[in-house]
Structure formats: C-alpha cells, structure tokens
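After this come two complexes, each holding chain A, first together with chain B and then together with chain C.
And now, the complex of A and B:
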C-alpha cells in the first residue's frame, strides 16, 4: 500500500483557545501505481492533506503511513520524503539555483548520491519532462508550464515512488496545465509512479484512475471519475462544477436520450450523439 | 523593466572566464591586498597596464568595466578631497586662510590623495573583473569550498552558501515584483516618481509593505520546497559539479603571485637602494627613484 491514512485529524491553532480542524477523521488507502485526482474547493483541506503525506505537517491524531513508514517516526522522515516527491503551486518559489541543472541536482545532492549518478539522474529527469535542452539555461523568463515541469524534474531526480502535485496547475495557463498533466500521466504510465494530483479543476480529473472529492476535511466522494460525476447535483452543493460535457451528457440522459453509461469526455459525447443522429 | 543582470556577469567565452572560480577569488583577494602596498607611481602605471591586458583577454568591453567606476566616482572624489584638506604633514604648497581657520594643503596630502584614488580605482576594477567573468553560481560554490575549513569551528558554511545562492536566485523575481507593485499602485493614483527625496521615500512605503509580505510568503513556500526535496537529509552531501584545477589555473595564479612579489619588492627593497631625490612636490618612491636615476644617467 503506497499511502495509508488511518483516522487522521489535523487541526490548526487559530489562537490559544480556538482550533480549526482542516482534516477530520480521514481514512484513505491509495494503491501503488494509481493516478488519483484529489478535488475540493478552497478550504476543503486538500493542501493540508498533501502536506501530511510527506511529513511537512504531522497529524494531530491518527497516523499517515507511506509504504509502511509512519510520518510520526522521526528517523523515517527522510525515507518518506524520498518516496513522496511534492510539487507546489508557484513554480517560482521552488527553485533554489539560478541554473536549471544545478537546481535539479539539489535533491540528489542532499541525499549524498554519487556524482556520476547525480548527472545521470539530472539528464533522466529533464528528459522525462521534455526539458533536456534547457539544462544550462536559467528558469527566469520561461513560461509557467516550463517552470513547473522543471519543478517536477527537480522532484523526479530524487526518484520518488509517489508524486504529489499540490495545486501545481492552479497558476498556469491552459497550455501550461495540459503540459504538466501530460507529464504526470506519462510518469504514471511509464515509470509506474503513483500520482496524487490535487486541483480544483474538475476537468483535470477526467483521465484519473480515481477521483476523491474532499469537502470540509472529509471525503465526500471516492471512486472512478465517471461514478463521482454522476453525483453532479450534490457536487454543485459543495461548490464543485462537473465538466460541462459530462453534465450535458447526464442531463440528456435524464431527458430520455439513450447515451449509455459513463460518458465523461467531449469526444465520447460527440461520438455518441453522432451515432444517434 | 530595469537591467537585472546581477553581479553583471558578462557571458562570453574567454581565458579569464575559464579560470577556476576559486583561483579567481584567491587572485582577487591577493590583488586587493597588494594594491595597498603599492608605493611608486611607476607600479601604479604598471598595474593599470596589467589590468588593461587582463580586461582585453577577458573579452569584456572596456566600457562595461569602466561603468563600475561610475558608481564610486563620488566616493573617490570625496575621499580625495578629505585627504588633501586634512593632511597637515609635509611642505605647504597652498596655504588657505579663512578667518581664524588655517588649512594648509601640503605636497604629502596631494600625493596621498592621488595614490588613494588610484588604489580605489584599482580595487573596484579588479573586483568587477571577478564578477563580470564569474557566474553567481560559480562564485557561491567557490566561496563554499574556500570557507569549508570554517565548518570545523561549527560555522554552517553550506547553509550560508545556500542562502547566498537563493538570494541571488530571487533578486530578478523580487525586482519584477517591485515593478508590478509599483505599476499597481500607480494605476490606483499613487504618486511615486515626483516630489523631493523625503516625499519619494514616503511614497515607497505602499510599495515596500506588499513587497515584504510577498517575500515572506515566498520564503515560507520555499522552506516547504527545500524540505520536500530532502534538504539536510544526509550529513554527507555530495556535489554534482566538482572543481578541477587545470594547468591554466596554475599559470594564472603563478603570474599573479609574481605580480604581488613585484609590488612587495618595490615597496621594501628597490626604494631603499637609492636615496630619494627632492623633486619639489612630487613624492617619488621605489621604482620611481630607479627610473629617475636612469633618466639622469642617460641625460647626464
């Protein structure tokens, strides 16, 4: 089991007397090799959950286990961080060095890996995100999508088994978002890296194996995207919009059109509609 | 958008650019120390010549190197004036009387002021050659290497190097952000560019506060990113880039040591061989005396 959360609660201190639970009694299992989309509106606890995964935050109650290692175990914390690579929202605030390859090398250097292996990993990681030709450049003046792909490469060089994208697409333009998602899916398929993609864009969950909807620190829905999208009316209540094509498909079906089960993508919908005509 | 090339690194390929950054730092330090031991005008001329040649080899345009002096021109003139007016030893050249106040400008004062100005110029030129030909990353790495002995007295050299490289890395971003905030405040009617000095400073406040807030937020996120990438995971940190001293580095260093030896010889040996002639106001020392004597021999 890649990720195992057992009854996890995390509460922030607002002041001396006031505490707010960002994550409440949450239990969750994630199998190795799955692509999980974690969706929730602002304040649903999704970023807190992300930081619980690599021990940046420690649970107030319950345990978080990554491949059997608990984040509460101080001796295992670096093993966990080696397993869980995390990419954050703002690509500008994740880079340490002014030259691309120096930045990518930062992670493996921290782990004390041998020099030749570092060079191999830097090349591999840059190649994986399609940025190999930029290795001697400076990230300044690159597009958001490129910078975020570099941030992913920086994490990949540590060779994580789990990649957590903590709202990594939130600040990007549509093109940058699709670049980052493409890289994440490739890594999931080719390298069998478990991906946990945290976002508030529902449409980014379309290609995920599993969609978890978080609301108010709890899991509201959990299942294949198709199954979850079927609850679009309840999702609306927790301020989440199902992609319009999915909603259209479901509405048409309700109106008596026979579209068959599980239409989520635009292409599928167009195909089905054309068949019916 | 302002020019944001920090450390003004000038990216061309040259012999000077190729010298190991550690060697360059040592050479610059050596140069800076030896500049204070220059006594004769001849050596000054010699040093300026040497710098001119070094700049030519570095393929950095003279115009760009000279720009660095522009920044300290005020300081240069100011110290020169102070030196002229406040040196009282030596023969009085121009006596100034302002009521009861008597300021005597002496030959020693003038000589001292000129030499000090020349030293300053050499210092600035020398250090700007270092920053013009070395990338910030190379500089930080080299400093980290050179300061490594300090880890034995528990100074966190590696952390300091990381701090420095992060600072260098964030300067362009923060500059860009300052510009953005300034434009945003201007769009809302803030008057930033006009008024006197104090008004301008006061007008900067609505720019500085958001800038600080954002800098702290960035620092917070960066700290998480450092942790997420296993910062401090191992006490045996490795380096992807290793320094390798090459023959050319040794040649460069040796020629620099020769230069330093030359300056020290000039100060401590050459001058004492001959007695200094009286040349009115001009104070001659070291090699100057030799050249003066040579000149006298030739002209009889």
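And now, the complex of A and C:
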C-alpha cells in the first residue's frame, strides 16, 4: 500500500486555548500506481493532507504510513521524504540554482549519490518532463509551465514512488497547465509513480483513476470521477462545481431532455447530442 | 472616450542581445462604460500594455491619452502621474501578495492617503471600499490581512484600489489561484464594481469562459500586436484563427462547432452556455415536436447556496439603508466632494426639500 492513513487528525493551534482541526479522523488507502485527484474548497484540508504525507506535518492523532513506514518514526522520515516528492503552487519559489541541471542535481547531491549516477538521473529526469534541451539554460526566464516541469524533474531526480502536486497548476496559463498534467500522467503510466494531484480545476480530475473530495477535513466523496460528479447537488453545497460539460447535460436534463448519466467530457456530450438532435 | 492609444510600441532591453519587442504599433480606444476583456498568450504583450495605461511604463514610441492626461516619450511636459493613478486603478495578479500593513484598515488607507486627501475623507473612503468588496468593516478593520482567507485577502487588496475611486479599473487575472467559490465571488464583485464604482473596467484573463460572462468587447493580443478587437458576440467567428494562435475558445463555441461538424445546423451567435442551451432545446423541440421550455433552462453551475452579499444587500438584511453605518457610530460630517453617487443623490434631495420648505414659508 503506497499510502495508508488511519484515523488521522491534525489540529492547528490558533492560540493557547483555541485549536482548529484541519483534518479530522480521516482514513484513506491509496494503492501504488494510482492517479488520484484531490479537490475541495479553500480550507477543506487538502494542503494539510499533502503535508502529512511526507512528514512536513505530523498527525495530532492517528498514523500516516508510506509503504509501511510511519511518519512518526524518526528513523524512517528520510526514507519517507525520498519516497514522497512534493511540488508546490508557485513556480518561482522552487528554483534554487541558476542553471537548470544544477537545480535538478541539488536533490541527489544532498543524498550523497555518486557523480555518475547524478548525471544519469538529471538527464533522465529532464527527459521525462521534456526539458532536456534546456539543461544548460537558466530557469528564471522560462514560462510558468516550464518552471513547474523543472520542479517536477527536481523531485524526480530523487526517484520518488509518490508524486504530490499541491495545486501545482493553479498559477499557470492553460497551456502550462496541460503541459504539467501531461507529464504527471506520463510518469504515472510509464514509471508507475503514484500521483496525488491537488487542484481547483474539476476538468483536471477527469482522467484520474480516483477522485477524492475533501470537505471540512473529511472525505466527502471518493470514487471514479464520473461517479463523483453524479453527486452534483451535494458538490455545490460544499462550494465545488462540476465540469462545464456535466453542468450543461444537467441543465438539459432538467429542461426535459434525456441525456442519461455519466457525461463529463466534451466527446460524451457531443455524441449524446448528435443522437438526440 | 476614456483612453486613446496611438501607435504605441515598446521594446524590452533594447540594443542588447536580449532585445524583445513587447508591443508593436498598438492602436486602441477604450470607451467610457466599456467592459473590456483582454486575452492573449503569456508573453503576447497584454501586461506590458496595461502597465502603460497606469503610467508604470513610459511609452517609447507613440502616445496615450487618458482623460486629459497625455503620456508620450517626450520628457516635457511631465505627465501628472498622481492624477493618472487616481483615475486608473490597477489590480495586479495575486494582489494579496502586496498587502503589507498590520491592519486591514491601514492597508486600504494607503492609496487614498497618498492622493493627499484629508484624514476624514480617507476614513470615509476606506469604510466604503471595504464594504463595497463585501467585507464587514467593523469585523475586519483591525485584523491583520494575513489572518484572512485567500479570497478575503484578495478582496482587501481590491478595496485598496477602490478606495482611490478610479474611473477606470484594470484587473490582471483577478481570479487566478482561487477555488471555484472564490472565483465566483470575485466575478460578482467585478460586476458590482462596474455599476457602483468604476464605470469602465478592463480585465485580463486566460479563462475565456470567464470573460464571456461579462465582457462586451474583447481585444486579442498575439505576438505583440492587437489582432482582433470585436464585440464579444462577434469575436468567435474567428474561432479557428484563435485556436491556431493557441488560445482557448469558449466551451459553448467549441461544442457548437463540433455539433456543426457532425451535420447539425446551429445559429451563428452561440457564445455562452445559455446561448447553447436555448439553441439545443429549440432544435430538440423542432425534431421531436415537444415543447420544452428553453427560457426556463438555466446554467446554474455557479449557483452556490452560500452567496457573497453586496454591502447593499447586507444593509437591507440588517434593515438599514446603505448610508446608515452598521452599529451606528458617531456620524462623521463628511464634506467630501467625491462621495458615491448614491450618497450625493440623497443629499441633493435633502437640499431640495429644505429649499422647498424655505420657499413654502416665504409664500
């Protein structure tokens, strides 16, 4: 089991007397090789959950296990951080070196890996994110999508088994978003890396194996994207929207046209409408 | 005419190996009351362009006329940039990163203070601005901006601009990085500001579905040039060219195009989800001889049960008028000239009344 959360609670101290539970009694299993999309409105506990996965935060109660290692076990924490790579929201905050390959080498260098292997890994990681030709350039003048792909490559060089993208597409333009998403899916398919993609864009969840909806520190829905989006009324109540195409189908359905269920993509909608019109 | 831009060109790092032309002979007139959307690729020149309108970048070639202020490459006469910035308000991308003061009130007051207004006027404007963005003045004024949620922080940042009461409001990617609910709140806010604060609004966005929900006119930047400048309804006749430039087209247009491609005839004017819904139901009724209600069909993707209240709505809920401040504190004798229209209106009405009384007593 790649990720195992057992009754996890995490509370932030607001002051001496006041605490807020960002994650409440949450239990979750994620199998290795799964592509998970994680959604929820601001403050629903998504980022807290992400930080619990690699021990940046430690659970107030319950346990978080990554491939059997608990984050509470001080001896295993570095193994866990090697296994769980995280990429954050702001592409500008994640570059440390002025040359691309130095930046990618930073992770493996810190692990004390020998030079030859580092060079191999840098090449491999840059190739995986489609940025090999940029290896001698400086990241600072690149587009947001390119920078985020470099951030992913930097994490890949540590050879993680789990990749957590914590709103990594939020600050990108549509092109950058699709670049990053494509890389994440390729890594999932080709390298069998477990991906946990946290996002506000519902359409980015469509190709995931599993969609988890968080609300108020708890799991509100967990299932295949199509199944989850069938609960559109409940999703709206927790301040989330369904994909545009699904909403259009729902509106037509309400008006009296029979489109059936499970419309989440453009092709589904167009096919159905062609039958009806 | 609010803003006239003539033959504007701009090059970054000119005469160096990094030379990059960002604007190439831009001509544009922004009219009073325009709700203008600007779209274009990252690096197409949009941001460079709007920085010119706010006087943050001096034109290298060409000129800009904003109300009565002229900007050009000439050294003299010096343009009155303070006057310019009080008329053109600019909300940058991720404006919440620019919050700096230790309380919300101080942060919002920064702009109007720098305009050299009296402290009374500043206090009045700050209260108005905070209420206009839908926050409770008494609740938030003494709080640190950093304690607020992402969407709230962004609204405080917008309040800081609104407090300068600009006639033109420019917003660069105002909803970036927010969750669907936060996005919806900001969009509602922008629409509200259009009628209650800044009659001319310019919005840059990557999300074309968002722009088509409010813009009446769309300008497309590509490769440092303006390639299209059209009423919103007309622009997507060029949807193929837009897609060739790598730009998104509204989803309704995309689906209408796919349906047309599959042999279904649809009207040319489909831009929004509502347009598409009506057209589809029409077609369906024709084919099946049904009478489904096309006008009752709503696209309520954004109908969140918990809505953002405008300060007017909240005032109504609390059973007071907008001018009566919540938890009626001591009334300030506001002599400010530029109070909001509504206040001015009630005041003139009062004046007329006293005049009538006066005349009446004379008779």
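Criterion: the second predicted complex is superposed on the first by the 265 of 277 C-alpha atoms of A that agree within 3 Å, B and C clash if a C-alpha of one lies under 4 Å from a C-alpha of the other, contacts with A are read in each partner's own complex, and residues count from 1 in each chain.
Keep this in mind: a contact is a pair of C-beta atoms (placed from the backbone, for glycine too) under 8 Å apart; a residue touches a chain by one contact, two chains touch by 3 or more.
Keep in mind it's a predicted model, so treat the numbers as computed, not measured.
Trainee: Going by the contact rule set out at the top, does A:257 touch chain B (first), chain C (second), both, or neither?
Mentor: Only chain C; A:257 stays clear of chain B.
Trainee: Touching A:98 in the superposition: chain B (first), chain C (second), both, neither?
Mentor: first
Trainee: Answer with first, second, both or neither: which of chain B and chain C does A:140 touch in the superposed model?
Mentor: first
Trainee: Could you list which residues of chain A make contact with chain B in one structure and with chain C in the other?
Mentor: Comparing the two interfaces on chain A, one with chain B and one with chain C, the shared residues are 89.
Trainee: Please give the residue numbers of chain A that touch chain C in the complex, ascending.
Mentor: On the chain A side, the touching residues are 40-43, 89, 143-144, 167, 170-171, 173-176, 200, 202, 236-237, 239-242, 244-245, 247-248, 251-252, 254-257, 266, 269-270, 273-274, 276-277.
Trainee: Help me check something: in the complex, which residues belonging to chain C touch chain A?
Mentor: Residues 41-43, 94, 149-151, 176-182, 206-207, 209, 246, 248, 251, 254-255, 258-259, 262, 264, 273, 276-277, 280-281, 283-284, 287, 290, 292-294, 296-306.
Trainee: Would you tell me which residues of chain B are touching chain A in their complex?
Mentor: Going by the criterion above, the answer is residues 135-137, 162, 165-166, 168-169, 172-173, 218, 221-222, 224-242.
Trainee: Which chain A residues qualify as touching chain B in the complex?
Mentor: 51, 54, 56, 78, 81-82, 84-86, 88-90, 92-99, 101-102, 105-115, 118-119, 122, 140, 154-155, 158
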